[in-house]
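Each in structure tokens, the structures are laid out below.
The same chain A turns up in both complexes below, where it pairs with chain B and then with chain C.
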Partner chain A sequence: MLKFFQILSYGIINGGLYGLVALGLSLVFGVMNYLNVAHGGLIMLASYVTFLIFSSLHIDPFLSILLVTPAFFVIGWVLFKVLYQSLMKFTEGEKIKNSLLISFGLLLIFANLAILLWTADERAVAPWYTGKVFDVFGVRLPYTGLGGLALAITVIIALHLFLTRTYFGKAIRAVSLDHEAATLMGINVNKVCLVAFSIGFALAGIPGVLTSLHAFNPAISFDLTNKALVVLILAGVGSIKGVLIGGLFLGAVEAAGVYLVGTPYREVFGLILFVLILMFRPQGLAGKKA
Partner chain B sequence: MKHILLATSIVICLALVPLVITKEYILNLIILVSLYTVLSQSWNILGGYTGQVSLGHSTFFGMGALVFRYLWIGGLSPYLALGAGSISSLLLASAIGFPAFKLKGHYFAIGTLALAMIALITVQNVFPGVSFIPPQYLKGYSLFPIYYMALILGTVTIVLVYGLSRSKLGLALVSIREDEDAAEAIGINIFKYKVISMSLSTLIAGLGGGLFSFYVASYYYYVPFDLGWSFDPVLISFIGGAGTVAGPILGSLVFVILKELFAISLGQINVLIFGIVFIFTVLFFPKGIIGIPKLLQKKKLSVVSMKEI
Partner chain C sequence: MLEVENVDVHYGDIQALWNISFKVGDGEIVSLIGSNGAGKTTVLKTISGILRPTKGNVSINGIRSDAIPAHEIVEMGVVLIPEGRRLFRDMTVFENLELGGYIARARPLKNQNLKWIFEMFPVVENRMSQLAGTLSGGEQQMLAIARGLMSEPKLLLVDELSLGLAPLIVKNIYDTLKEINRSRKMTILVVEQNVRLALEIADRGYIIENGRIIGEGKGSDLLKSDQVKSAYLAIG
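Up next, the complex of A and B:
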């Protein structure tokens, strides 16, 4: 029974990370129908940046978020101007297909760039609290995991509040509903898309910090993109609150798989769930829009 | 007619190459180009002609390799093993691939990617070791039979795609690519043609996997299931020109040459360059290298007509 709770707690901690991983992807897809599969590659790059900051400047990884996110905001800004702006004129289906192809190329570029710059070896950031755990009735809860879960919940709620309570957040939501109507209401759709896209990139910096605390290498890009897509489908497109629930659900499903079958197949359960949902409920478990 | 004559003479020349050139390096290059041509043409049928972008072709490539290796080492003749591998790829597709047609557009792409990942993880866990060729096979290992198998497979695949592109079936597939709803409205059974397209595609992918397994002496079992085998044909076909016969051939040639140029000096950089070229192709040359001359022609024409006005 202890083993069950141990695995479940790890599943929930992972689930928070998955929610965070999917957040930027979900925002960008919801607002402008760009399926940015390069998101996992960005998170991987953010892990390396965190690693470099930690090893050269000795800044705590959780604090380095303040450096990493603005940097990724700028990267998103530049990439939107260079690559993605020209897709704005396409129809919805064309947008998804072309952005999928372009970001797929970016994903390969990021992964191979990381191998060239930093080799394919595994690395990890190890601050003083690595390996320290709370002991709750025999269930071991690592400090890093709890910190990550708290961070995930905070960031997701903050983004939700930003989108529902602020003027600019409301503009983003208006654009995601209908570009033309938003234009007619006097919203600068191009600018809103540019900023939302950049925020999506900046949001890749935060999970990057969390993944840097465990062993990582350039190949995690593909796994992370994959996790983000699974959560996106679980949550339903464009739902920010759904992302947290979807992430936690995926973590729990994986935990159940580990408990019943074994660790090597952990990823498979999420993927099978993903394919089944794609087939039978493509609008997501929580989503209403077809 | 001119194209057919040209193609036939190229194939005859290639068939004579091993008699003239004994440098193994050249033969290896031609084998690699053929291997990538087979794989990317396989993708081209489904992705280029039918418009169903698959990111899961490594599953069928790997299945072909797995079954081929098992039967070949078991004592079956290579060509029979090749056929069996190809058919088992089709069987796998009918179990997991056809249901994927419930997914439309980008859902198909990410759904097939998920299938490829499931296959990769499963093979890594079920067959963790290295697949060796038994010593008695290794003694007789020679590039010549592999070379001719590669050449035959390459030729058969290209002829098949050429025939497809000029047939009614090919037209039906293209109409699904252009507009699924319109195709259905004029009486095309979409599901049936998608299944035909995927069957052809997976049969050829299985052949490619068999060729890989015949060519590479020992490898980890999971290597032919590596996601690279899913991604490379997408890049190759798009850069060469998806939905054309010559595009994937040209793309494979460029891909292998780039790979060879940089393999010695910089390793992974060929994928980096290819990724950048791929993005530019998608953005500016949607018809690939093959479409560039036409694109330039059109631009010239439009300049002329502007002057006339």
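Up next, the complex of A and C:
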């Protein structure tokens, strides 16, 4: 029984991370129908940036979020102007296809760039609290995991409040529902898309900090994109609250898989879930029937 | 207020408007009538900047507007209530109204404008926290107009508001528009397939057919003209 709770707690901690991983992808896909599969590559790059900041400046990884996030916002801004803005004129389906092509290319470039710059060796950021745990009735809860879970919940709720309580957030949602109607409200759709896209990139910086706390290498890009896509489908396209639920659900299902069958099959359960959801509930767990 | 001169509009290679010219004066209600596919909606989309003329020009209060981005035209005081209402269906009624008053000039006036709008459309007030997509057709049309009014437009463009609504509701909404025109001196350009209704409330009207303007006159005169009677009112 103890083993079950131990595995479940890791599952939930991982689930929070999965939610964060999917957050930026979900926002960008919801607002402009860009499927940015390079998202996992960005998170991987953010891990290296966190590693560099930690090893050279000795800044705590959780604090380095304040540096990494704005930097990735700027990267998003530039890439939108250079690569993605020209896709705005296409129809919905064309946007998905073209953005998929561009971002898949970027994903390969990011992964190979990381190998070139930092080799394929495993790295990890190890601040003083690495390996420290709370012991709750025999269940070991690592500091880093709890910090990550708290961070994930905070960020997702903050984004939700931004989208539902501010004029600009509401404009982002209006654009995601109907570009032309949003224009008729006096909303500058191009600007809203540029900012939403850049926020999506900035949101890759935060999970990047968390993944840097465990062993990582350039290849995690692909795993992370994979997780983000599973959560996107679980959450229902464009649902921000759903991302938290979807992430936690994926973490819990993986944990159940590990408990019942064994660690090597962890990924399999996520993918089976992905297929089942597409077959039986394509609007997502939190989504309404279309 | 509004001047459209010799405007041509194309969808790709296909020409939709030929040499369209007309004027709307300050405080007037003008209606543009014509059958399905005549180009009425295209005219309104061109004025609001969503479509660009390939020839000719559009001016608002003497300022050429045909190269200004659509979202800035809203700031110039021109608002389109689009055909099919185009509400943000997954957002609440209140959020739809807030977005209507999105432009900087309108934000400080939000509460004042809400009060004014609730006086005209009390139904909207009772539905504030409901999702816009759950309203009935008539309520949705009222919300679409209310949303447009939140930015305090000087010129209101209304596209085919009678579509899919019961005649009595349509009549009520047109009466409200007439009242807004009178009390607020708001200029209104209406596009409508329901010719009788459109000409009854309008000071002046233009007839559009196959992308060309083929007739104009005072609303009451057009109603009596043989041209309108035989083509649109099926009497005569």
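The working rule: the second predicted complex is superposed on the first by the 288 of 290 C-alpha atoms of A that agree within 3 Å, B and C clash if a C-alpha of one lies under 4 Å from a C-alpha of the other, contacts with A are read in each partner's own complex, and residues count from 1 in each chain.
By definition in this document, contacts are C-beta pairs under 8 Å (C-beta built on N, C-alpha and C of every residue); 3 or more make two chains touch, one makes a residue touch a chain.
For clarity, every value in this text was computed on a predicted model and none was experimentally measured.
Engineer: Name the contact category of A:V189: first (chain B only), second (chain C only), both, or neither.
Structural biologist: Second partner only.
Engineer: Tell me which of chain B and chain C touches more residues of chain A.
Structural biologist: B
Engineer: With the two structures laid over each other on chain A, which partner does A:F222 touch: chain B (first), chain C (second), both, or neither?
Structural biologist: First partner only.
Engineer: With the two structures laid over each other on chain A, which partner does A:L100 touch: chain B (first), chain C (second), both, or neither?
Structural biologist: In the superposition, A:L100 touches chain B alone.
Engineer: Once the shared chain is lined up, is A:K170 touching chain B (first), chain C (second), both, or neither of them?
Structural biologist: In the superposition, A:K170 touches chain C alone.
Engineer: Check the residue A:L108 against both partner chains and state whether it touches chain B (first), chain C (second), both, or neither.
Structural biologist: first
Engineer: For A:E122, decide between first (touching chain B), second (touching chain C), both and neither.
Structural biologist: neither
Engineer: Going by the contact rule at the top, pick out the chain C residues touching chain A in the complex.
Structural biologist: That would be residues 48, 50, 69-72, 74-75, 79-80, 82, 86-91, 95, 98-100, 102-103, 107, 147, 151 of chain C.
Engineer: Within their complex, state which residues of chain A touch chain C.
Structural biologist: Within the complex, chain A touches chain C at residues 167, 170-171, 173-174, 177-178, 180-189.
Engineer: Can you check the complex and tell me which residues of chain B touch chain A?
Structural biologist: Interface residues on chain B, with respect to chain A: 53, 55, 99-100, 102-103, 105-107, 109-111, 113-115, 117-118, 121-122, 124-125, 227, 231, 234-235, 238, 266-269, 271-272, 274-276, 278-279, 282-283.
Engineer: For chain A, which residues are in contact with chain B within the complex?
Structural biologist: On the chain A side, the touching residues are 35, 37, 83, 86, 93, 96-98, 100-102, 104-106, 108-109, 112-113, 115-116, 222, 226, 229-230, 264-265, 267-268, 271-272, 274-275, 278-279, 282.
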